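Once you've had a glance at the structure underneath, I'll fire off some questions.
Chain lettering (A, B, C, D, E and F) follows the sequence in which the chains are written, and residue indices restart at 1 in each chain.
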Amino acid sequence: MYRNTKVLDVHGHVSVPQEANAPLVFMMGSNTPFAGLSGTAVSEEDFRAAAARHVSYLDERAIDVQVIGPRPFLMLGWMEDHLLPAWTSYVNDMIHQQCVFFPDRFLGACQLPQVSDAPDTTHCLAELDRCVRDHGFVAAYVSPDPAGRRTTPGMHEPYWFPLYERCQELDLPLIVHGTNSLDRRFRVVPHNYQLGFLTEQYLAGQFLSHGDVFERFPALRIVVCHCGGALNRFIPTDPHIAQKDLSANLFYDTCGYDEIFLSAAIRQRGVSQMCFGTEAPGSGRAVRPETGRTCDDLVPVIDSFDFLSEQDKITIFHENPARVVPGLAKHAASAGA
Amino acid sequence: MYRNTKVLDVHGHVSVPQEANAPLVFMMGSNTPFAGLSGTAVSEEDFRAAAARHVSYLDERAIDVQVIGPRPFLMLGWMEDHLLPAWTSYVNDMIHQQCVFFPDRFLGACQLPQVSDAPDTTHCLAELDRCVRDHGFVAAYVSPDPAGRRTTPGMHEPYWFPLYERCQELDLPLIVHGTNSLDRRFRVVPHNYQLGFLTEQYLAGQFLSHGDVFERFPALRIVVCHCGGALNRFIPTDPHIAQKDLSANLFYDTCGYDEIFLSAAIRQRGVSQMCFGTEAPGSGRAVRPETGRTCDDLVPVIDSFDFLSEQDKITIFHENPARVVPGLAKHAASAGA
Amino acid sequence: MYRNTKVLDVHGHVSVPQEANAPLVFMMGSNTPFAGLSGTAVSEEDFRAAAARHVSYLDERAIDVQVIGPRPFLMLGWMEDHLLPAWTSYVNDMIHQQCVFFPDRFLGACQLPQVSDAPDTTHCLAELDRCVRDHGFVAAYVSPDPAGRRTTPGMHEPYWFPLYERCQELDLPLIVHGTNSLDRRFRVVPHNYQLGFLTEQYLAGQFLSHGDVFERFPALRIVVCHCGGALNRFIPTDPHIAQKDLSANLFYDTCGYDEIFLSAAIRQRGVSQMCFGTEAPGSGRAVRPETGRTCDDLVPVIDSFDFLSEQDKITIFHENPARVVPGLAKHAASAGA
Amino acid sequence: MYRNTKVLDVHGHVSVPQEANAPLVFMMGSNTPFAGLSGTAVSEEDFRAAAARHVSYLDERAIDVQVIGPRPFLMLGWMEDHLLPAWTSYVNDMIHQQCVFFPDRFLGACQLPQVSDAPDTTHCLAELDRCVRDHGFVAAYVSPDPAGRRTTPGMHEPYWFPLYERCQELDLPLIVHGTNSLDRRFRVVPHNYQLGFLTEQYLAGQFLSHGDVFERFPALRIVVCHCGGALNRFIPTDPHIAQKDLSANLFYDTCGYDEIFLSAAIRQRGVSQMCFGTEAPGSGRAVRPETGRTCDDLVPVIDSFDFLSEQDKITIFHENPARVVPGLAKHAASAGA
Amino acid sequence: MYRNTKVLDVHGHVSVPQEANAPLVFMMGSNTPFAGLSGTAVSEEDFRAAAARHVSYLDERAIDVQVIGPRPFLMLGWMEDHLLPAWTSYVNDMIHQQCVFFPDRFLGACQLPQVSDAPDTTHCLAELDRCVRDHGFVAAYVSPDPAGRRTTPGMHEPYWFPLYERCQELDLPLIVHGTNSLDRRFRVVPHNYQLGFLTEQYLAGQFLSHGDVFERFPALRIVVCHCGGALNRFIPTDPHIAQKDLSANLFYDTCGYDEIFLSAAIRQRGVSQMCFGTEAPGSGRAVRPETGRTCDDLVPVIDSFDFLSEQDKITIFHENPARVVPGLAKHAASAGA
Amino acid sequence: MYRNTKVLDVHGHVSVPQEANAPLVFMMGSNTPFAGLSGTAVSEEDFRAAAARHVSYLDERAIDVQVIGPRPFLMLGWMEDHLLPAWTSYVNDMIHQQCVFFPDRFLGACQLPQVSDAPDTTHCLAELDRCVRDHGFVAAYVSPDPAGRRTTPGMHEPYWFPLYERCQELDLPLIVHGTNSLDRRFRVVPHNYQLGFLTEQYLAGQFLSHGDVFERFPALRIVVCHCGGALNRFIPTDPHIAQKDLSANLFYDTCGYDEIFLSAAIRQRGVSQMCFGTEAPGSGRAVRPETGRTCDDLVPVIDSFDFLSEQDKITIFHENPARVVPGLAKHAASAGA
């Protein structure tokens, strides 16, 4: 809660015992898309405990409700493509399970079985529909380049339109998050998916803003994670930046942990485009020396920004998330907030 | 025990809780070769329990000592090659741990970090040396085609010679076992690595017998698993079959579960070339309707073959394994067998 | 004849003077698909003599009628694809000529101008139709991987359905036989097409049995040559083997020369699925030391199998071939057998 | 001048009449590496006029001396590689000519004939040596990915070491600047080389900081342009950021035009690592609405940053450039500054 | 003029100041297809002066009217394909401008934005239509292999039919001229596009004469430049040469400068198929030692051929060009010739 | 004989019964390089008869001695490379046999087992040496692009130097003749190797004349067949033609059948560079309507050229062949000519 307003976090990832991912190894070894992929030895109790730890983590950071999707670095979109649907649906079922455990705290965002070299994104619609219809998910994650070889069409290309059309119909936002990259150069960097996150999220924002996606799909809303990946070095009126109004369509989360970076992002993107997002718990576990608290404890950080008014902060913490993700608004409403 | 002779099994795979493989998902997701790869949440107790179940499984099948290597279908040699050494050494450490738990029952055979498109097999020697020197392993597994795209040089080609030379020096046998295949056609078959096992093991046997490997490395011993993959349709004197004496070099295990197949294999290969091997527990869990026992309970099956003399059976159960795998002989000796 | 029953052989290949293949060299050199490809200098007399030698060869082996197709190792499906139709039709015309020379002894099975990377098998239908309509052929050969680079779709894939549909309409069986392989590793083995025969025939059987081809084409009959390439190491009830009734659709010939292998094949496949086939004359010219007769003299071999009843043998020698290849039945009937 | 201190700009590009690039079209059309490439119809007078306009541009922005290199978006490193040396030497000669015209104002930095798939950077040394020896150049530009297909080895890889070694010997800094990208997705963005600049400069910084280049070449100094491409979202002590002292080796220029971006960059990188750089004239021609002056007029912008002390500003404007580029220091000294 | 007959030249290329091509460098550097591509600093005056020099050049060579197209070696059809339309339309506009400057002397032939791997030539029609409709062009240039890697379909293949159909409708001839080649072997030869001109023009003539293009498009007329590239070593009745009447469709220009070559070409092709063409000014600037005049001064050369009658010469100089290029006939007519 | 001078023909191909090539089909089918490749059923008598027909053919055309090499269109250099040595040595042995049959009339030129993607031509030397040492061959054929995909290094590249060096040592000329091409476009043309002959022979001449081969190997002599493939359209002093003296090194044969073409070739190349060559019998079987004799009856054709003096003709018919091919000179000498 922030001043009696619910803090809504658009950027969270499912929490499961590490062991819950073990079936993927068996599936890849078997090269067989096990329907159900159930074989996990993890008990419901252990799943519940992991979810409960996640809730505590949110509690400690004053986050009321969080949209949880897949762990992007585990999407592994380069795997043999016939395995992707089974892996995706297994992950989505784990996300759903976590939401069911703590329905007041979590809302689901689905992984999609994205195949980079498919003719278009039609192959993703069945799983999207299943997650919305059966699990009540409120958003969908997409990777700009699931196979990690930069061969996926840019997010402005017709390849993506079937997905955009469905999301517009469903009034469901897309959450753009990088996944794995197979660029051989990256190997020198530990956890190098972070390099791909930055570059691909930045590029996705550029393709979306320079292309005509939002002319075609005016009601489509897209959130680019991690403040959009990278910031612009050009001034806002420079023609290097798309000179058009994207305010109803293109949003960014606040998931930058360095205060210098985050404050620059909010000021550059504008309060109206920023949705609170923390990825808690995730890549923000480093501890700020000055506070002794983990980086992803972002409510006090944003609260401390004196270039933001209180209303700005409420806009970021609550109103934007609720506007961009109608499921969050509905949830907040139904919870009597 | 078979008639007071220890039954020595050359073909076993490490038994760990499924969850022990979960770190691989994290490593692939991180695209980072974690040294140690320890992060597993599996307790030593759980590891020990898995090993103990394995021991019971052997007990129920009258197997005294088993050489255990990696699970071939989990070798995943197609993974990003910079990850292979970490995965390999993690697997080998689990194999070693299981041997340490039950030193009377298990001897280790190592996985190697095989890269199909390396200039040769020199890159495998460090891990081989480590396993022999530090863990006392007695054999090494090799996949004829680790990357699963049939691009690995044939087992008769100079690519393999550094490994052969080291094994000859160490008096250590190689165990040839198929691993994963990425042939797209295979997808229609569940657990389709079995198709690759058969074809690649058969081909390896052909390349080794028609090539000049054993002229170059006369003391090298190689065991081809699953009876060699496939049997020959030609008579022994047909020139389609290599007309030379391979009896000191090329061996096969008995790991065929169908009695028709296994008896044909023993008769075609000859008793002198057959080493007892069961893969217990592994792919032999189907239950024979006529006995109600799993297929991999091979001691009674072989014992029932009336075309074999008692000495033949002892040769297969004990003498050949001990001859081919000196570590088994030493172990048997030290155990006072 | 076997006990007054005609011995019907489903697996024979056309016999022509070696020189009859010379025009292919000119066609490949010219890179021009000569219609007719006639230019051969081989006289009809020489062709007839070759056919007559083939008849004698059958006589000496008690074979009454044989279905003759192309020589698989000369199908060379990797050639420039615009040349394939001319080569194929030339071969089929030679097959037909041989049938015409000895209509009581030979029935034709056609080669098809298979192109691995065509969109589907529609391109094969015209030649199939021509051979059936004009030449009265009774079966068709197919290679599971004509271009020899494992890029052909698996035999369970839609690529094959146009051919299956036509064969079902025509009540004409397909004979699955491996052809050439360009796997570089094979080079160490002389006559290495044999390696491809084994692996590709085995794989074809697996794809066909695990896929849904026979649900789609319930009247389609397919014979996999050389006993199916490789035998199964699993027991019949093991789920690694497709657990469904393929008895009306999937057949194997008896063309395994090693008695151990052949008897295992018959026992594993079952008498009901085995069609007599010898490839005489072909790869069975090695002489059995114990009899002094060539390996492909299979009537006495099968007759000697005491696990088979006399009726079993008649089923294999006559009834199954006649059932699977209706043209053989018709022929036998018309011949007053 | 800034408070009686010379303003030294590390990031400028050669100014020539557009027509001076026309010979490249002829060279590409001829597919012939014309030595000399002189054929240009541009007169020395026109060249001098272009240089003089450049000087005025600097004057209006209070820049005293500027290091000028090639125009990165015109490096076109994807061209047929045999043409690169001629193009490169032509560009370097134009840079030199501009320095000769105004020796008090310009110092040269060379283009290198970088070939992405060469075995290493040895092929760049001759031109580097020529420019230093004959033209007195003080720095060298490198593109992290000249061919624009992300196939160049990462800047931490041995491919780069010959160049690093020579630069260390020469005490000459490398200036890392993105060039052209051929990523098809970029096409939707006008002047899309800017996307490549950002991503490749950011990645270069990551590879350099996580790799061991500066352990190997402790005296090597590298300046990454445009503030390093992208900023970090992690806090400085987070292990995602290389935790080592790079202060003597890795520098960034100030060439970010958005004040939010630039101030964040200076604060994140630290004053000690920032070298004044403007690219004036270049991509900073957009006019700030609030001042009516072009973006690249950065002296007043930086002067306005109240988080910087006057000494900080002198460090950025003068001391860091002079320290990183010894040629600038020498020049300033000889000019009596 | 030749004996009071206008000399009509079908083979000329646009003359512009070299600097007029400079915008291409910027477009390639920007990777952005600038509509208009105007940015050139070349003044209309300079353009006019270049055109005037071209007129004088024609005057000195007795050429009255010339069809001018693009400079083939500057077509650079290998460039990023999204840039081709802008480059093409820029070139065509320069051609048009030259025609407008001297409407009595020049008629336009357009460049087309040919993409080798497009599904067919439909993508070229819009620019063709624009040039005919808006600029009154009378012919179109095509490169048999614009991308220079020999991957374009042969000129007899359906890929080309949309273009052929449109040209037949418009009664507009196609001028076949080689462009750039990227064959790495060519690099040893300066101006190596000439090698590609010869080989590709020769091949185009072969494909067109052996294929069925003119059966499909009987009114289509095609001129192959440089006398068709190479001459035939076979006699006219040899079946290696297409034995059919191509006289209404397939023409050649006279643009061979060596008298031996040119006279052989005219005699081999026949007067009826030869259209006067000089490429003046272009590759014919070498000076004949015996006359002191440039090679491309072809009127006196042809006039000197005593195997030609005066009518033959008029046929070549005037009648054939007028017949093949109706725009030339119309132009001549309107000019009162 | 031409006026009492022996007519020496540098361009002939071995004559064998078509059936003699049949073993190649078996070798390709077997994918096995049969040493000896003898299996041919062609009798020595038939071989001798074919050779005798060849002799008569020469007699009828007044040719005294002919250098015979392989049939270029049957070199099939695209075949699996491990088969090339066996095919090559089989062909060379047939050439030798023909020389032995008629030692007064034939001298051998060898085929080489050229592999386009070998590191260099060292792999050809053993067969060259064998043919010279054991068979007394006097020349060697080379294809500029044996694999027919234009991937062979140009004839000026270091790839070729080992072969050039050996030929210089042996004082043995190379005969450059095109072979097969796999350019898909060629398929529309029957016997389309002729297209490759023309283009590759022309290109080879260009590479050799513009490169520095003859500076490196000043005593090397090369004959390019079919008058060099294509003629030059430039005048001799044009810089498009290499301006250097190649008269001691680069020669052409007279094998152009069209009189227009052949006379142009002789005049363009110069008498000093032309060696009599007919390819009789080969591609010159078309009958000249005006004489009723086949095209390859070139002695009367050349004799009829009135631009040649009698001495010129003797130079072409005898002196040049003898100078370029010392084996011919020696042969003529020993024969008392």
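The rule is simple: contacts are C-beta pairs under 8 Å (C-beta built on N, C-alpha and C of every residue); 3 or more make two chains touch, one makes a residue touch a chain.
All figures in this text were calculated on a predicted structure; none of them were measured in a lab.
Least step count on the touch graph, chain C to chain E: 2. Using the contact threshold fixed earlier, the set of chains in contact with both chain B and chain F is C. Of the two chain pairs examined here, A-D and A-B, the one linked by more C-beta pairs in contact is A-D.
Greatest centre-to-centre distance from chain F is found for A, with centres as Cα means. Between the Cα centres of chain B and chain E there is a gap of 69 Å. Each chain gets one centre point, the mean of its Cα atoms, and the points for chain A and chain E are 57 Å apart.
Between the CA-based centres of chain D and chain E the separation comes to 44 Å, rounded to the whole angstrom.
The residues of chain E that reach two or more other chains are 186, 190-191, listed in rising order. Tracing the ring of inter-chain contacts outward from chain A, first into chain D, gives the chain sequence A, D, E, F, C, B.
Taken in their complex, chain D has these residues touching chain E: 17-26, 28-32, 39-42, 71, 73-74, 76, 80, 82, 180-182, 186-187, 190-193. Those residues of chain C that touch chain B in the shared complex are 150, 153-154, 156-157, 183-186, 188-191, 194-195, 198-199, 202-203, 206-207, 210-211, 226-227, 229-240, 255-264, 267-268, 283, 286-289, 295.
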